[in-house]
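Each of the next two complexes has chain A plus one more chain, namely chain B in the first and chain C in the second.
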Partner chain A sequence: MLRIERPVCSGYATEAQTIMIGDIPLSVLVASVLAASVPLIIIALGEMITEKSGVINLSLDGAVLFSAMVAFVVAKESDSLIVGFLAGGCAGMVTGLIVGYFSIYLHLSQVAVGFALSLLCRDLAYFLGNPYSRVQGPTLISSKLPFHDMLPDFLQKITTQPLTVPFALGLIVLLVWFFKSSRAGLQVRSVGENPAAAFARGLNPNRIQMLTVLAGSFLVGIGGAAYSLSLKPGWGRPQGAEGIGWIALALVIFGSWQPSRVALGALLFAFLQVSGIGLQSLFPTIPSQVFQTAPFPLMIFTLIIMHYSTSKTRKHGEKDSGLHKWLGILFMSRAPKSLGKSYRQE
Partner chain B sequence: MDVEFQHISKRFGSVQALSDVSLTAKQGTIHGLIGENGAGKSTLMKILTGYQAKSGGDILINGEKIALKTPDDAAQIGIGMLYQEPMDFPHLTVLENFSLGCPVLSRERFAASLKHLAFAFGFQLAPKRRVELLTVGERQQIELLRLIHCETSVLILDEPTTGISPAQKALLFPALKKLATEGMTILLVSHKLEEVASLCDEVTVLRHGNVTHHTYAPFRFPELLEAMFGAVPEQKEKPVARATGNAVLTMNNIQAGGERQGLELKNFSAKSGEIIGLAGLDGAGQATFLRLAAGLTIPEQGDMQLFSTKLPTSKKASRIAGKLQTVFLPADRLEEALFTDISLSEHFSLRDPKSSFWQKTETNRQRAAEAIKTFSIKGQYDDTADNLSGGNQQRLLLALLDPQSKLILLENPTRGLDIRSGQWVWEYLTQTLSPEACIIFSSPELDEILHYSDRILVFYDGDIVLNSLTAETDHGSVAAAMTGMRS
Partner chain C sequence: MKQLIQDIFVAVSLVFGFTSLVLLIADAPVLDAFKNIWLGSFASTMKFSQVLTVWVPLVLCSCGLLFTFRANLWNIGIEGQIIMGAIGGMAVLRMPGLENPALILSLSFVAAILGGGAWGLLAGLLKTRGGVHEIFGGLGLNFVAQGFILWLIFGPWKRPGIASMSGTELLPLKLWLSSPPGWRVAYAGLAIAITALILTWLFLYKSKLGLKLKAIGKNPRAAVLYDISPEGYYLLSIIIGGAFAGMAGFMQITAVYHRLIPAISSGYGYLALLLVMLAGYRIVPIPFLALFFAGLNVGSIQLPIVLQVDSTLSGVIQGCCVLSALFVLGMRQRRKQS
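Moving on, here comes the complex of A and B:
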């Protein structure tokens, strides 16, 4: 599949070797995978934060569309991208507020509330966004690094990206640090594990959950905005972000509620999507639909593998060595223990 | 700090868990709080930690009235509790568990403090290990160190020795004594008298939410036992012992998981016609024993025979036990035996042994109506099971029970029943059912066991510590065995 091509006709570029995957040069592939994964990374990390505190926000898919619509409309009206992104974040936060309030304070089923809200948000987005359908609006364009000219051609292509890329990458680092080293991060995790014990130690589980849900859903909103303002600019029906929320939910499981692994999963998914285009030209006999839909069954397949390796690893504990241990590290999934259960103070 | 409870009361709905409880725990002493299950010990302690709100009364610390609304309020004053079931975070590491809920410190300081304290108490704890891989005793050690680190001055221990090994116990007890001499106020909740005797300076006994006794070391056990379990009842007329026949149930070298300690027993056999009472404090192994016999719990080791048929160690076991006419009536009737939203007549329909596609609505209505009459169930055939009172649920279960059953396993058969319903249940079991049936039942009421059973098994921490004919034992020795005292 990989082949190295030496462009024949270019006289002065004999040194430059371009690695091609199908018809796409590697640098372009890397750049587009990065760009395509950004909203997904932000959304999946937003959901991961929420779930770390023990709350599942199932309204994700609708929330992404709704915030994408709000972000685009506000950016267009205010003619400001920053305001657009913030508006998207706030729109996401509203959905989080609803799910959070209903599940944390009224103890309603998180699944039912989230699912209904997801459908509501989607239809609301199409309805309210209709006047702005297929309208030109502001778009976040790619910007070059300050030392762009000093970089080799390969890196130039990769690093010329919209600002959402460094934001997403920074977010991964920030969250790894937050959950590993900060006190607040530990408190969020403790609430997701055992709210009753957290309460017994003087924490306020409900407040911590609510704050976490708000922060997580704000990120989801930013992710939605990254679609309508950057990756798939504009608004329409379909917008192009449909179904991403469900993928993000699966990615959180795939990533075992760890920021770095969740982000890795998002990159992998984006790679599968983008490389589908390249692979199509390599295997012209296979119908194009196969490459378009392949990421979804692959996702399910991975989750099955994870299920088995998790139960195996659980059984054998940490004494295991060799293959099992590595499978465990790679595919082990450990959900917050009280995920999805609402906590009622005695 | 001196802790004083003044006239504390607590209601849960219609249940009065505590009424007018007053006691004082003085600084530098270990104050024992004993009583049987449900006596209100844990509730009283949860009130002191702010985990539960009280319905009435006052709590005084050093003579000053204080309000405890949340565990945080209690922690600020220096009140900390070591819960019976570890209140920790299994997926987090030892160090993370140690550092949650304490004054702000950097991670290094926490690590240093943990190391220092663990060394001082002789505990071995690896800071990076996930807590779910540790034993209950080790998890408790972390909690204890954390409470010391948080400068707790009133330490509450709720059944600290449940689920920990003797070696861990040998580490824990001197640690507690040392803490008391250093000026800590320790409240020890327990129902194990030997432990209380070896640790405590003072003891208060609770029974049904009331203080029944208060005394200082050295303790007289008969006095404490009487305060815990009530006065030795007058001898009521005992039903005549029944004729026994062939072995119905035999168990050999059984090991099984379940409850806190699992269950381990060498050999046991029950004969037809026998009525066997299982005594023991909550979670001592009786529930596991009954579920083993019903084939609902699969033993890890050992073998079991029901009517000289070997019970397989697979999920088939319960079905085979059922075919051999073994029935099990659990204590939690609505959870495990009846269906909340299904009507009485439909319950009969479900039990119908003949398989047919349609429900025989009319026949089953008639059956239900008959059962309502003969078992005097207060309800209609189309009432759902959850609309019945506890007593009527038990009557329904008995009505559903095959009268030909040969082994009847009952978990707390008179739970939630008033005296008359309870007597009715026993009358039905002993007189209406075949006298050849073997009845094995557990009960938290010692009197019920002494009165109805021919043979008594006493469970303690997952072992059978006493196996004796009822005629050859008495109230005192069963109570002593239940609380872990060697006879």
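Moving on, here comes the complex of A and C:
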């Protein structure tokens, strides 16, 4: 089901450092966590945008693989990374188009459509990508900051990253602003909370939903491309992005539909993945596959902790004091009110 | 009636159209691909018996899913339930001291049911007590089961000398379920699958249990007014679903692979989810559609050798079938409204 064959921290110098975590130097650890989290941040934020408008795109896991495959194949054939990334985005958008059309205009179950599409996209990716398995292709390499030489050694290691890293960080800021302060962001939120009221205020909920789904799934495609063109370069079976779509879906809940918290969750997951590699050498008797699988259930089961630590807050509102108040602030998760429901527009 | 035929025609042409398009993109001969799938699945008794070995676990999983769908639960944890069923069954088969093969196999069957059922119960408890939607709880448990089976195969149950992805040691011949001479499918497998179909039909359509599950599935809040506890029935339905999945896991180890391999579920759980959706959550089409899906799976095995295309073509066709059916359904609802 999932196997991560290539270590996430490859490509970074592993010379001795002053601070070590296990047998990984701290700067390398931070750099690898940042790099490993980037595609996931982009994918999870894409899904978050989609869900903000009230639509769940459950096809994420297949969509990520499909767009990763398309991005790699197109980048290889055109020998251009930008074209590859855009193609990946468009591939993601196609899945969004299908989910959007089926759920918004045909009023079918979003879960059913998403799940079927997820399996279809996965198999389609393996089928069409087969000739490109284990083929060398273009890869986005890490680039240095313009003032690289002025930084201390520690920061030099952390800031030497592919361009996807600043893109993801910029995206977080952009989305925080978009949903907090922009008019369009408010419209998307209002449709996700109460489409009928939004309609009464003169908005066109179906169109807003469709546009949001397309934008969100475009980002999902970019995230998929970030796997096959940067983090785990190349295509194969397994690619290494298997299961990531499901984690992104869980992260949206974990992050309570807020961009910064979703990104934080992605960093947490990447940390689990990277530290799994470090732990492997500490416990040589446990097969490495267990460490590669472990972050997935761990991430999902954090949802249980969230449920229990916020049960008081949910019952009594946010008036509580002390520990429960803080747990509530930390772990409270509130979905858009009409998430998953289809709205029949007059 | 005329409308129905027209709908089916639209859906079938969508599937053929899309699949042909995909084959054209992959630069593969379209007609040859369809012909080879047919030749590889239904053209000989040997192939057909192979199709039946896939049909058995598919039918078992679908029966379980009918129960959970009836209560409006998405039992995505079914893959993990198959794995835990297989592990439970295998634990008994590896037990030293027992001599009588029939006894060992029966005990193993029970253990597989318990393994799958327990894993289902966990997913149910995560939903009712842990506040985790069954899709995510099930997924998490799938990952755990996957990690567990890998640990067993590479750790305590590894083959003497070498631990590898090819799985544990082969079972002794006396613990293989017997099959008709020249056939691949086991007598017991067919019998169990057909019994499962009949039992599922009886329980879901002819008993109070089925009615209550339906009531909860349609409206859990209203069901409470009739003294039906949603929590209890959620758990019951997902335990039953897990038990059926566990049986499928038992079949995989005793009748198909004769050992434990990392991919013991073969993805049949997810495939059964598609199958039940395509069947419109009804039992009558399931045995026939399961035969169709199993035929696609078996028929596409030889595609890489004959046509140099990947065997995941079957998955593309299956997924496309479901989406086309959903599309036609959506269109029909739309017509009804206008």
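Observations, loosely collected:
Operating definition for what follows: the second predicted complex is superposed on the first by the 316 of 346 C-alpha atoms of A that agree within 3 Å, B and C clash if a C-alpha of one lies under 4 Å from a C-alpha of the other, contacts with A are read in each partner's own complex, and residues count from 1 in each chain.
Methods note: a contact is a pair of C-beta atoms (placed from the backbone, for glycine too) under 8 Å apart; a residue touches a chain by one contact, two chains touch by 3 or more.
Keep in mind that what you see is a predicted model, and the values were worked out from it rather than measured.
In the superposed pair of complexes, A:Asn194 makes contact with chain B only, with no contact to chain C.
Among chain B and chain C, the chain that touches a larger number of residues in chain A is C. When the two structures are aligned on the shared chain, A:Leu203 is found in touch with chain B, with no touch to chain C.
Applying the stated contact rule after C-alpha superposition, one finds that A:Leu303 touches chain C and leaves chain B untouched. Look at A:Phe167: by the touch rule set out above, it reaches neither chain B nor chain C. Of the two partner chains placed by the overlay, neither chain B nor chain C lies in contact with A:Tyr132. Shared-chain residue A:Phe154: touches no atom of chain B or chain C.
Residue ranges of chain B in contact with chain A, taken from their complex: 46, 49, 51-52, 70-72, 75, 81, 83, 87-92, 96, 99-101, 104, 107, 133.
Against chain A, the residues of chain C that register as touching in their complex are 22, 25-26, 74, 76, 79, 126, 130-132, 135-137, 139-144, 146-147, 150-151, 154-155, 163, 263, 270-271, 273-274, 277, 309-310, 312-316, 318-320, 322-323, 326-327, 329-331, 333-334. Contact residues of chain A toward chain C in the complex are 1-2, 58, 98, 102, 106-108, 111-113, 115-117, 119-124, 126-128, 130-131, 243, 246, 249-250, 253, 285-287, 289-290, 293-294, 296-297, 300-301, 303-304, 306-308, 311. Interface residues of chain A facing chain B in the complex, by the touch rule stated above, are 181, 183, 186-187, 189-190, 193-194, 196-204, 317-318, 334, 336-337, 346.
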